[in-house]
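These notes are about the structure you will find just below.
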Amino acid sequence: GHAEAEAKKYKIYLSNNFVGNDWRQQMERVANVSVSKGPLEGRVDLKIENVENTVQAQINSLNNIIRSKPDAILIDAGSDTALNPTIKKACDAGIVVISFDQVVTEPCAYALESDWKRIPAVMAEWMAQQLGGKGKVFVDRGLAGAPISAALEKGYLDVLKKYPGIEVVGSYNGEYALGPEQAGVASLLAAHPQVDGILTQGYGSGAIKALQDAGRTIVPVVGFTYNSSALACAKTEGAKCILGSNPAYLSSEAIKLAVDILDTGKKPAERHVLVNGDFLATAPFKSELYPDAVTQVIEIGKNAFPDAPPGLTLPITPDWVTITAAEASGS
Amino acid sequence: MTMTLPSPAKSVAKRDGDAARDRSTWLIDRAPFLIACGMLAVLVAIYGTLREGVFTFEELNLDTAAAMTLLLAATGQTIVLLRGGIDLSIGGMISLGTVLAATQFGGSPLQVAFAALMIALLGFAIGVCNGLLISVLRLQPFLVTLATWSILSGTALMILPTDGGQLPDFWMAFGNASLLGVSSSVGLLVLLILFWVWFRGTRLGIEIRATGSNQRSAELSGVSILRINLLTYGLSGLFAALAALYLTTQTGTGSPTIGKDYILPSVAAAVIGGISLFGGRGGMIGTIVGAFILTIIGNLVFVLSVSSYWQPVVSGVILLIAVLASSLAEKSARRSLS
Amino acid sequence: MNALLARHRAVLLAYLGMIVLLLLTSFVSQGFLSGSHLRTMAVLSAFIGIVALGQTFVIIGGGIDLSVPWVLNCAAVLVTLMANGADGPLIYAIPIALAGGALVGALNGFGIALFGVPPIIMTLAVNVILQGGILIYTGGAPTASAPPLIQFLAVGRIGPLPVVVLIWAALAVAATLLLSRTAFGRYLYAQGTSATVAEFSGVPTLRITVLAYTLSGFTAAAAGILLTGYTAQAYLGMGDPYLFTSIAAVAIGGASILGGSGSYIGTIAGALVLTILTGLLPALNLSNGALLVVYGVVILVTVSLASDAVSDFFAVMTRSFGRRDNAQS
Amino acid sequence: MELIEAVGISKRYGGIVALSRADFRADAGEVHALLGENGAGKSTFIQILAGIIRPNGGTLHLAGRAYQPANARAAEAAGIAAVFQELSLVPDLTVAENIWFRREPLSPIGTVRKRREREATLALFDRYRIPAPAPTREVRRLTLAERQIVEIAKALSRDPSVIILDEATSALPPRETEWLLQLSQDLAAEGKLVIYISHRLAEIRQIAQRVTIFRNGATVATHDTAAVDDETIIADMLGRRMDRLYPPRIATATDRTALKLRGLSVGDRLADIDLDLKEGEVMGVAGLQGHGQRELFQALFGVSRSRGAIEVWGKPVAIRSPRDALVGRDGIALVPEDRRSHGLLLSKSVRENLTLSVVPRFTRFGFLSRSRERALVDEQLRTLQIKAGTPDQLAGTLSGGNQQKVIFGKMLLTQSRILLLYDPTRGIDVGTKGEIFRLMRDLAAKGYAILFYSSDLPEIVNVADRVAVLRNGKLAAILSGDDISEHRILREAMVEARAA
């Protein structure tokens, strides 16, 4: 029964393949916060295992986790396929496995992620609208070899292809870090006297900074919902932006999903569970491709916080628990 | 001089005394290796008290599988380091190997075996190219293999832009098979040790050590440096390819960027096991110990159950203590005997 | 004059490679030689160059420093956290961060010189420890933005010249003087050539090793601080690209990775080559894979220009031409 | 027709002419000495014979046929084996592995049959009565003399018809030298050709039938040894007459004690040494190979750990590293035994090598003064007549004797007034040797104190004021005045050995 399930405390491991960026930090912190209050308070014994960004280390770590027989394993994976045999072992041992953020293809594991089709499509659509269907753009290819990077790039290009007037004149690898984004855009600016828009996979604020440094006019920029990006878009004169969201609270959602499955024994209908965050933009925007996509207008104090750290990912909290900006940034 | 000297042949008797000194210096010379073994024993002992069932074949199977890809990569690296070189390109070769396996393996086991053989040969051939470039251009191995690392990684990415491809089930089953509780990985480890025991004693093995120890002397004795370069880097490429093949039995997929994860650890494993980056000294058994130390540290950090931020700190500190202990012990052993 | 040329051949050829690459790039990408772009390149080279400065000293002395990524990152995070967006606290924040970097370097040096830990392992372990250490210290808090002064240092200009490039130039002069005109430099080369002979000659090997690593920690920290100005904020992982690049810059600059030779002038050429190359690649519009292939090939060709084998080959060619001329006259 | 005929051989290195017109004829069944001052081109010539380097001009015939070895292997195949001045053993291999390197007895699976190899080594040692170290020892740990012997064994193992010994005795102590001289004669008697390079005229008189003399890369003369006197040979070598080799021994010792040792011990190899070295004194250290001389020098320079008390100029000191020893004028400086691995940075210039220990002497406000460094360097180049193209020539490309001079100069520059000279004249030609002995006496007169070991016993006999004889790591005797003779020294060094 329900009451019995309420009493049970689950042992859940979160295996994270990489700690070296702000998003992952926030993701881990949010995970910890969401089991310490709200509906999950006292329900979960959460242990986070970080590995040094190698698939081998994550396999070894997962093997260790499996041997300690937890109820569920949440995985932010270093590869979408290479962990499959190990994950299969976990499933076979009766452990609930949920991959999130960078998900895996192993059918026995759930895949909880942002909608990597919708996000690039809506943002490319926005860009096309800004350009009036005509112009030259740069596209960020993210990180070589990363599945999400490939999905985002493809998403951008698929939509842009529908506008014959739009030409992709250059690509660079932003690697989800400010330095490479800024340097990549700067190199392309040198090669191309004219550019009308930039579709990044990272901050977007790096692209804006590169434009400023090169003394160019600020063109429409696509990026993601980091606090610094929102602030840069709001504060920079003439900036036009749309920011897609890959919420750091994916981890909280994964925990919740795991607890639900463990409590009820009922499995979700779909292996894929999509989490949709709102877009942020400098002006109202209505997508025709995805009419249900919500776009908030960037407003300082409401969804851009000058006092919060620039690396904070927005939105901060899922709706079933309240996580404050301070909790999310750990300050 | 009119004086009659004692017969020089008499000094042959001196050799007995030599032999005793010989044994003690033998120990000192192997101190880094021996102490690495000791450190591994200590780590395993601590691990064993913290976790149940550590002294079982199951644990051995798991740990060997966890260490094996690194071990294979480090075997090639060891050979190159003994020669006084370094091979960064194994990163590219491992990526390329998994990608080729994931895209080319299909059909019957016989076809797969053939493809695997071709990948191994390709690894050797690519290594030979490294050796050729190093010899012909007279460039530092670091630079040449840095460049070929990039070229090989690029090739892997051109074949498979992201992880993917599916290895046949029997291939993976083969990699994880076990007989009487002993896995094929452990079998492979035994083979690797046998290989080394054999290789070390061959003329080529001696020539490689000699070249790493003092290239000029080796050359004066008629060693062809070109041949040594071709063969050492060739073997390194071959072992990188084997590492890739083994890795695919664990991941079941091709991974165009996975190889870089093995470059520094392969060097680290060798150095922990007592190999000098200046060539000529040390051996594979030390490298095996080094690779297992690195793997056990991961297990240890897990069972110590430290909070996530502390994990890297603890693993770094354990590594440092392990190496510090061996460095200090070696130093004092050397001092007390000199 | 000839002797001078011969002595600095590796360095000269590295610059030759750099210039060839620059011309090639300007061919592919029209705006490449524009003032603003050259400035960008110079700024990006400066970061590599500054990290590689300490690395040059360490490598010449026969070691290697793998701890630069997280020394750099820790310094960046510390400074932005302490300053919290304002210039005032920089008065103490910058010195603290620089001193911290130097201290970590000194620890590396002591571990290596005093206890005989292999440099690779020592610095690798310290790198990992720092990575965890900064997470523990900040509690994983996202990083703060860079104060205006640091941004000025990184991207501001004095006249046409970026400030960071001026800083780099000053450091370069200091490094070159240190290597070629001081006892420290003399000892460092001796030690990198043969630690035993250095020891027998009374070289203060412990002090030299510790100093070299201290310098490396210091320059990595300095680069970290400046880099936050470039990106306007610190972020975790900002040091990662500088591990192999800093070593590669030193090696491309003509230093032996096993120690005893090399110069900072050479390293500067190495930093420039690497920056131009990464700047060139996006303009080529290639796939990720093809980019890496091109990167590798260009590195190989560029360093080949500076190799003994190739210059010997040209020497033989010119000499045989010369001989023919003699025969004719 | 003689076995080896070389005519007009030349060899250049860039602007440096190592050989210009070298002629050389030698026949089977003789010991043929090759002489010449440092840098005359002897080693260059034999490296050409051994196929290591190729000449720029000239013709070579071996047994009547044109001989142009493409590499070391080709020379080996032609029956030529050389023991090079700069030893060419592999440090990380054992004695046996070095001797049979690339000719190892192999098992069917391609591995080396170690037992067989060891037995072959011992058989080789017995056949030629080679006083070599145990076959299983690593060469890295051997003394220079031991390495030298292994190198000779390696050459013998090839059963060559021509054996070349390039200053093979320069590091050998008396007993081993005697062995090698006998061996050379035996080999010649067997019909082999022994080409023998040495700066010790006495040895050459003892064994060589003929001598060929090089000067500045060209052949000056070939003589029958019996028909020529030392003065002529020296004049041919140096292009001038030389006054006596050993300077007059004028006692300059004072009452001041420069170095006082009480109960000095090193491991189990040196025990309870009490010794007083006076200001102005040259004290010889003698003893058989491996009886503690090396340990004594190493301990005083802080290279080996020692127990017991050391007083320097009346002050008790602890010397734990060369830095503790090298403390300016009141310090202790060493000419080390192994010049290539302890004394010189082979890939650095002569200039940098000479001044490495005295960098602070030409540092002003933290910066090096090139001109002051240059002055120091020029002075040493002149005093020691170091034959280098320019001060920027790499030390590793100097001739063996000139490398030794660089080390001597480097030590002199430290101005330390206590000098530890471990075989300082090794490989140095007679002309310069005389200069060095004179220099030693001059320094002694200036108040320096010198501890002097030489593998060439007559040098100790003729130069030292007193001689400390070591036996089994203990001080066996201190000889002075007329007691100093080869005979007496050897007797003191061996009494116990004979009794045992």
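Letters A, B, C and D name the chains as they come in the text, with residue numbers starting at 1 for each one.
The definition used in the following text is that a residue touches a chain if its C-beta (ideal position, glycine included) is under 8 Å from a C-beta of that chain, and two chains touch if they have at least 3 such contacts.
As the structure is a prediction and not an experimental result, all values here were calculated from the model.
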| item | value |
| --- | --- |
| Farthest chain (mean CA position) relative to chain A | D |
| Averaged-CA centre spacing for the pair chain C and chain B, given as whole angstrom | 29 |
| Chain A and chain D: spacing of chain centres that average the CA atoms, whole Å | 72 |
| Cα-centroid distance, chain A relative to chain C, in whole angstrom | 33 |
| Distance between chain centroids, defined by C-alpha means - chain B, chain D (Å) | 41 |
| Two or more partner chains touched - positions in chain A | 19, 28, 52, 144-145 |
| Residues within chain D bordering two or more other chains | none |
| Chain C, residues touching no fewer than two other chains | 128, 131, 135, 139-140, 288-289, 292 |
| All chain pairs that touch each other | A-B, A-C, B-C, B-D, C-D |
| Sites on chain C touched by chain D in the complex | 3, 7, 177, 181-183, 186-187, 189-190, 193-194, 196-204, 260-261 |
| Complex interface listing, chain C residues touching chain A | 28-32, 34, 36-37, 40, 44, 128, 131, 135, 138-145, 155, 227, 230-233, 235-238, 240-241, 278-283, 285, 288-289, 292 |
| Residue ranges of chain B touching chain D (in the complex, touch as defined) | 1, 3, 5-9, 11-12, 14-15, 18-19, 22, 25, 29, 198, 201-203, 206-207, 209-210, 212-214, 216-223, 280-281, 335, 337-338 |
| Sites on chain D touched by chain C in the complex | 301, 303, 321-323, 325-326, 334, 336, 341-345, 347-348, 352, 356-357, 359-360, 363, 366-368, 390, 392, 410, 414 |
| Complex interface listing, chain B residues touching chain A | 62, 66, 69-70, 157, 161-165, 172, 176, 247, 250-253, 255-258, 261-262, 295, 298-299, 302-303, 305, 307-309, 311-312 |
